[in-house]
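Written out below as structure tokens is the structure these notes cover.
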Amino acid sequence: MKPQLVLIAEDETLIGFMLVESLIDAGFDSLVSVTAREAISALELDAPRFAALLTDIKMPGTETGWDVARRARELSPQIPVIYMTGDSADQWRAQGVPGSVLLQKPFAPAQLVTALTSLLNDAGMAGISH
Amino acid sequence: MKPQLVLIAEDETLIGFMLVESLIDAGFDSLVSVTAREAISALELDAPRFAALLTDIKMPGTETGWDVARRARELSPQIPVIYMTGDSADQWRAQGVPGSVLLQKPFAPAQLVTALTSLLNDAGMAGISH
Amino acid sequence: MKPQLVLIAEDETLIGFMLVESLIDAGFDSLVSVTAREAISALELDAPRFAALLTDIKMPGTETGWDVARRARELSPQIPVIYMTGDSADQWRAQGVPGSVLLQKPFAPAQLVTALTSLLNDAGMAGISH
Amino acid sequence: MKPQLVLIAEDETLIGFMLVESLIDAGFDSLVSVTAREAISALELDAPRFAALLTDIKMPGTETGWDVARRARELSPQIPVIYMTGDSADQWRAQGVPGSVLLQKPFAPAQLVTALTSLLNDAGMAGISH
Amino acid sequence: MKPQLVLIAEDETLIGFMLVESLIDAGFDSLVSVTAREAISALELDAPRFAALLTDIKMPGTETGWDVARRARELSPQIPVIYMTGDSADQWRAQGVPGSVLLQKPFAPAQLVTALTSLLNDAGMAGISH
Amino acid sequence: MKPQLVLIAEDETLIGFMLVESLIDAGFDSLVSVTAREAISALELDAPRFAALLTDIKMPGTETGWDVARRARELSPQIPVIYMTGDSADQWRAQGVPGSVLLQKPFAPAQLVTALTSLLNDAGMAGISH
């Protein structure tokens, strides 16, 4: 079976590598964008190819992870969304999208995998028979 | 015990009356705003007095129920949010706030009461011991 | 707003009356069938008119509430299902449909209303943006 | 159908009356104890007759609502438990029992009814087929 | 500690191998049946030895994964059930058992492990004190 | 990122090793106490350093895992708690803390990891914006 593709938006290279590696171990492919703009372009080119979005909140440029997630949901309404942050967690209740997960750094790779797979399993069943 | 106060943002008078009545029967007081701007002003004046927000999505003016809810959560991060709509339901996954409920019209008064009381019970326990 | 319609399958007249009354108080209309066959016919005639199904398990005839619920879900995959029973509860894990609720008699009218409105609120949001 | 019986432990008479009335409206019978000791005795006499426990935390005497709930669960392991409190909410995470609900005063009657009926519906289904 | 045993019903050998391997990595033993009939026989011989059921839907013969799961629940009412499918997902709401999970192919091994372990953890606690 | 620290209370050395190893694989550090008293001392010295508690129930001495968990929650109200047991599972509904998980031995390492990461993800989000 061809692995599912996760869109990662993360400007710190080292963290990006760790995320990609954790996802490979869990059986997923990844595409890494290093700015919010780049992630939004990847979504606008072809959103349905992505099974999920994993996004940092603060990134270089005027757009943030909050913007990436809203655009992802406009193009692919059921897409699972995971935010990662070291410091802007408090804004999540006002700026996050429904059904999203926020991981506060530092988090263990296994926390990411559980969040991602739980959201995918739920979204798969919500998408049946509409 | 003094009833808790629910902020209602709804421009249709008839629906507003029905909502107020349903909430009185369930043991709540209400304050009705007929535009998004008016609801935002009521929140900015004193947000903590409201136990929950119940908002229509489309209202007269440039602001919408999505804006009211984001402002409510900025000022009162744990406030339960219920959206009501006849037609813009699809935007909820991109524009709604986390943990909110969307009621699609027509809905029964008892659906509103269950949504409101479930959110209040959850929020009460989430707010303990932080 | 026109009330939503709940299909009730219940052969005991007295209980049927009590259910109809509880649903009226909560803001719902009802259609009562007194056999499983009759309920299945009502579904086959026009399933989408029903917002939810409330069914006894044991009824006169060869078909049961388990059959009514499966047929309802084939015709209307997201329809909320509530089973009522005095004695066949144990079969629910093998014969029930996913996401259904089983109420064991005796239950209070408020238990029925909470079960129904919680399922309707969940189904409404699951049905968005597919 | 004979109404189910809820054990209430509450020393303030006025609040006790309000609770009994809310439960009658929802279709339940109640037995009120005005001390923790009295509630524990009522449980020890015959625990299975109670469908649920609704208990204040602070009451006259050395025992508290935390003690009543633990004794109730020892005698009737699946019994739904709702605590009510004006001020000791913070202890709930250390002193409460699993799956319980804590209502912080002031709460609306409808919050109590939703908490009670949700717990009863869940407990009913958890108890099937063991 | 002796590993728990998962019953797998899957007629495609390659997928069967992948499932067994994913389960070994997560700490489980497996028994693979290549038809629904064979899986049902394994259940009828001794159902309690299985901690969970993982079943494809379409398999050779007249019986399907829907039948395997119903038989499993008749013999072992709390057994966690996971269905896997490439194409018959839409029938799940009518043919699945309560509390089951449906994984749509392609899925990552980590999705299977999260679904299985979440169901086992829930079932373990539901089974206490009845 | 520095791994998060999990407090383990377990008197059987072999099981303790297995737990530590499972947690390392998932990306966590551990501190092992071999009595309830020792675990309580570790908590009283500096509770906030622990991200979660994993405790056996029966241990040498007069104190049990139930006591360790209550003390942990008094000092760190949101701390995730997982109990492990081979035989005292029935007491959990009376002696456990709210929101805790009980794993019945034998359990697979992946069950522990899913329980721990799910609780951490939930607690992280509950802790936002109070």
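As written, the chain order gives the labels A, B, C, D, E and F, with residue 1 at the start of each chain.
One rule holds in what follows: contacts are C-beta pairs under 8 Å (C-beta built on N, C-alpha and C of every residue); 3 or more make two chains touch, one makes a residue touch a chain.
Chain-to-protein mapping (UniProt): A, B, C, D, E, F = Response regulator.
In this text, all values refer to a predicted model and were calculated from it rather than measured experimentally.
Student: Please find the path from chain E (Response regulator) to chain F (Response regulator) through touching chains that uses the fewest steps, and give that number.
Tutor: 1
Student: From the C-alpha centres, identify the chain that is farthest from chain D (Response regulator).
Tutor: Here the answer is chain A, farthest from chain D (Response regulator).
Student: Looking at C-alpha means, what's the farthest chain from chain B (Response regulator)?
Tutor: E
Student: Quick one: report the Å distance separating chain D (Response regulator) from chain F (Response regulator), using the average Cα coordinate of each chain.
Tutor: 29
Student: Could you state the distance in Å from the CA-based centre of chain A (Response regulator) to that of chain D (Response regulator)?
Tutor: From the centre of chain A (Response regulator) to the centre of chain D (Response regulator) is 42 Å.
Student: Cα centroid separation between chain D (Response regulator) and chain E (Response regulator), in whole Å?
Tutor: 38
Student: Send over the residues of chain F (Response regulator) in touch with two or more other chains.
Tutor: Those would be 77-78, 90, 92-93, 113-114, 118, 128-129.
Student: What pairs of chains are touching here?
Tutor: Inter-chain contacts occur between A-B, A-C, A-E, A-F, B-C, B-D, B-F, C-D, C-E, D-E, D-F, E-F.
Student: Taking the complex as given, what residues does chain C (Response regulator) use to touch chain E (Response regulator)?
Tutor: For chain C (Response regulator) paired with chain E (Response regulator), touching residues are 70-71, 73-74, 77-78, 90-100.
Student: Can you name the residues of chain F (Response regulator) that touch chain A (Response regulator) in the complex?
Tutor: So the residues of chain F (Response regulator) in touch with chain A (Response regulator) come to 1-4, 26-28, 113-114, 116-118, 120-121, 124-125, 128-129.
Student: Quick check on the complex: what are the chain E (Response regulator) residues that touch chain A (Response regulator)?
Tutor: Within the complex, chain E (Response regulator) touches chain A (Response regulator) at residues 15, 18, 89-90, 92-93, 101-111, 113-115, 118.
Student: Within their complex, state which residues of chain D (Response regulator) touch chain E (Response regulator).
Tutor: The touching residues are 77-78, 126-130.
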